[in-house]
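By written order: A, B and C. Residues from 1 in each chain.
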Amino acid sequence: MKWLTKGAIILLIACLVLAAVSCGEEEEVKELRIGVIGPMQFQHGQHHWAGATLAADEINAAGGIQVGEDSYTVTLVQVDSNELVSVTDASSAAEEAITLDNVDVLMGTIRSEAALAVQEVAMDYETIFMVCGSSTVEMSNKVADDYDRYKYWFRITPVNDLYLGQLNFLLVGMVAQKIGAELMMPPKLAVMAEKAAWTESIVAAAQAYLPPQGIEVIGVWQPSDKATDVTAELTAIEDAGANMIMTALSGTVGIPYARAWEELEIPAASVGINVMAQADDFFENTGGFGNYETTLNTLARDVELTEMTLPFIDAFIEETGEMPTYNAGTYDAIYILKEAIERADSVDADDIVVELENTDYDGVAGHFVFDDNHDVTWGPGYITALGVQWQDGELVGIWPPADGSWNGVVYEGIVDYELPSWVVEYWTQ
Amino acid sequence: MAENIIINGLVLSGVYALLAIGFSLIFGVARIVNLAHTAFYMLAAYLIYSLAVTAGLNLYLSIFLAIVIVVITGMLSYRLVIARIRQHEATTLIVTIALAVILQEALLKGFGGTPRSVPKIISGSTEIFGVAVLNQQILTFGIVLLLLVATWLFLMKTRTGVAIRSTAQDREVANLMGINVPRMEMTTMAISAALAAVAGALVAPLLVLTPGMWTHPLVMVLAIVVLGGLGSLKGSLIGAFILGFAENLVIFLAPSGSYLKTSVALTIMIIVILIRPEGLFGVVFEEERG
Amino acid sequence: MNILSFYVSRSYQFLRGEILVIPSRTIALLLCLFLLFFPLISANDFILRVLILASIYAIFAASWDLLSGYTGQINFGHALFFGVAAYTAGLLNYNLDLAPWATIPIGALAAVVAGLVIGIPCLRLRGTYLAFATLAFPLILLGVVSAISSITGGERGFSGVDPLAGSRVASYYIVFPSMMVLGFIMWKIADSNTGLIFHAIREDEVTARASGINTTRYKLLAFCLSGLFAGIAGGMYVHFMKVAGPSTLELLLSFQVIIWAVFGGIATIYGPIAGVFILYPLREFLLSRYLHVPGELTMLIFACIVLIVLLFMPQGLITWLRDKTEKICPRCKLQNVATRSKCRVCTADLD
């Protein structure tokens, strides 16, 4: 038994020494510590991190952030939230980053439940938290309800779910027109929305507002966001006679959906939100299916939203080999933060918040202005988002339309939307 | 509509049946609740992905290799891990969960969390009664039927099969009759892992691969074996069809509630065991003494 | 005065005679005291947070043990109690502004009701059937939660629930002593006649019935008691996290609680508590921060540790340690240090 006691004591001492050593590692450098929090084992988190790294490297190479006489280096701390598995982990990780790693600012998160939990932790510590992933409007409502507590919160990407709903309708409208023009038939729409809080307003609005515009809604299918097979849903949609599907899918269900959609040649054009189709490796992940899949996106390879866009996309692809998703909005977040700090001439969170509210910044994803609830503003002249379509294995921009029919907004590099060949074939036979 | 439900239901139920029968076999013979069963199924799918897509091997060869590797993994985990702690019921549960988590984390480390797809064995789709059915689905259903019949023949007609069944009925008497019980259990474990691997190989092209893909089938398998009666192969088969069809009925009859398909299937399971606590074809363990 | 000195001397005697003579009890006492005064040593919010969550999960794991460890009714869906209480407490606080001291007991009562609701139908089920059937309940409820998302917030849950207390240290002094008290109560229950009957049900239900025990009633009691304690844990959790969401019902949590309990050693109450206090901080930050395991490997290594420990100590870590360091007197059934050859009370031979 003695060896056991001895062993335990030695282990205990070793732990204490290790703890002491790790605690003593702090250095005296002027630095701004930014915690990038996301599920680091997944693409979302990896893009959070890659976007942030690019921005930090650029800023540090250019001499850091200037506050008065001092220049602050940007130090990034990677915070693995494990949020797709455990929400408790996410908020613990946020608190660990704030209290043990002493981060000044947090940015990232994607899963809404986790983002809300992290929001609470960050607000407890009056730490600025810039969301680059969750769209839930619940978060900005908090700012409206209790400004003093929640003012440290800002959303960079994507636009909130109310705007996402409107964007969805714009895309649906465009495709409905195309169906009317090319197939000479009235649009009949099936809604394919994962069961989630963010899709609720979209589904409700679709049922309320689309029929008056001449778009018949024939049914709503709501699989789980992690469903691995939706062939049954798709055959049911075909059975119901739809010629259009409006999607609202953020989970992995987007992959089996798009794959079965093309493979079964469901005679309905698919348009809406499919987060999985925003990523570069979508085609590879579906095993080469999903051509013509159309989704909202933040960026598209050849579309110039501002002059920052294309250089960033090139740099990001060079770094990671992948096209940046909306999670790479951490890049814009860091620049917005930098400008706010320099305008405030202070690294005090309250001062920065005041200047963040005054943000008026041309970033990679468009023109950033925050609304009263610290949510990124959507609309012509602000962040517009894009409609993108997979055409022959390439993700190309298709909205806002090149003819400027949406409030005159025109971007370089937009091409025409194409109806899937099998849809045209099926309905013109 | 009805033909849709039938065709999609048959394919889904077939896969569930394959998984449930493998699970049921090892439970019936060795009284082991192997919660890592569907993790083997996931492992097979990922092996096919890494062999066929990443390494670029021939698809059939990859499938064969994947099944072999999974069978070996299954036998090793039985010999090295499960067999040592099997008399502690709760510990077996945790150890098999730990095995599944280890597999999940290793796959997450190796392939990341991004969903992956595996090429189909045969591509394209066919119209059956006006329903578009993937050829892979037809193949899946065909192989499932074939395997179910083969398993049944094996258990009913061969010497080993009889030995396995007698071990399932009474270990001690089987032992006294000169049956090598540990070897029978090992054989069963191999068959069980092989069934899981085949299921993985067949469904992998129909689903997407994610390191969390083992949990939903696990829940369904547990519900199926309880519904059908623990250890009863016939029960597992019928249970698989009931729940597989239940899931599809929900999708077709209540489209906006299709996310509820698992909840509905589980509720059906609960209702059935409320009426028949031993499941549809289970043996009454009522007075069984430990 | 006399009474006071009587109690002081009695507790001193108890300390000397019952605790200090057995190293494991001494260590447990020291650890409890250490944790009780921990905020004086370090008031780091994160460490306190881990300890608070560990305490909450410890109550939860012990409540699983009370049901499953003692009566052998393995509950695979223990998250049900946690989630029901978390949602009840969270919704009451969020919508009706009830204070935590009211919502937590109400949440716990809701969990008791949940215990009855699943306990009654499950009474007819035995062993593995019961385990698999209970697995279904939280998952069914998860479907309900998304179906009524206007109330529950669906997959995102809702945030902005009132905190337990104003400061972290105050929360710690609410949660940690509650854990000790509740753990002690559970241990006392397990040690009482009722606990003995629970044991009997696990060992041999038929014989228990034959001895005139209404096993049905006791099993139901076990479900309710377990639900009560798990519910308190769930209520505390929601007020501590300030967020209620579907992750409180997920399969992972149901599995997690069994891992903690079995790792520590079932049918002991203190085993699961110790299991949580070892495993939770280990996975949460010890592995990555102090043992420098890369973040993406922590879960893998965690699972390997659990696997290896259970492989060599299938009864659980704490039970194994107890059996190695202590012997039970064959005559008076009291615990003795393993090094003794005669019982400390009745001097019977120990081997």
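To be clear about the criterion, a contact is a pair of C-beta atoms (placed from the backbone, for glycine too) under 8 Å apart; a residue touches a chain by one contact, two chains touch by 3 or more.
Note that this is a predicted model, so its numbers are computed, not measured.
With chains reduced to the mean position of their C-alpha atoms, the one farthest from subunit B is A.
Comparing the chain pairs B-C and A-C, the larger number of C-beta pairs in contact belongs to B-C. The distance from the centre of subunit A to the centre of subunit B, each centre being the mean of the chain's C-alpha atoms, comes to 36 Å.
Note on chain placement: the centre of subunit B and the centre of subunit C lie 33 Å apart, centres being C-alpha means. One inter-chain figure worth recording: subunit A and subunit C are separated by 39 Å, centre to centre, where each centre is the mean of the chain's CA atoms. Counting partners per residue, subunit A has 41, 195 as the residues that reach two or more other chains. Touching of two or more other chains is recorded for residues 146, 296 of subunit C. In subunit B, the residues that touch at least two other chains are 108-109, 257, 259, 262. Contacts from subunit A toward subunit C in the complex involve residues 1, 4, 15, 18-19, 22, 40-41, 78, 80, 85-89, 91-92, 95-96, 98-100, 112-113, 116-117, 119-120, 136, 138, 142, 145, 195-198, 200, 225. Of all residues in subunit B, those touching subunit C in their complex are 27, 33, 81, 84-85, 87-91, 93-95, 97-99, 101-102, 105-106, 108-109, 215, 219, 222-223, 225-226, 230, 257, 259-260, 262-264, 266-267, 269-270, 273-274, 277-279, 282, 285-287, 289-290. Those residues of subunit C that touch subunit A in the shared complex are 44-46, 49-50, 53, 146, 149-150, 153-160, 241-243, 245-247, 252, 284-285, 289-291, 295-296, 324-325, 338-339. Every residue of subunit B that touches subunit A in the complex is listed here, in rising order: 1, 4, 8, 12, 108-109, 112-120, 123-125, 131-132, 134, 137, 205-208, 210, 212-213, 216, 247-248, 251-252, 255-259, 262.
Of all the residues in subunit C, the ones that touch subunit B in their complex are 68-69, 74, 121, 124-129, 131-133, 135-137, 139-140, 142-144, 146-147, 203-204, 206, 251, 255, 258-259, 261-263, 266, 296-297, 299-300, 303-304, 306-307, 310-311, 314-316.
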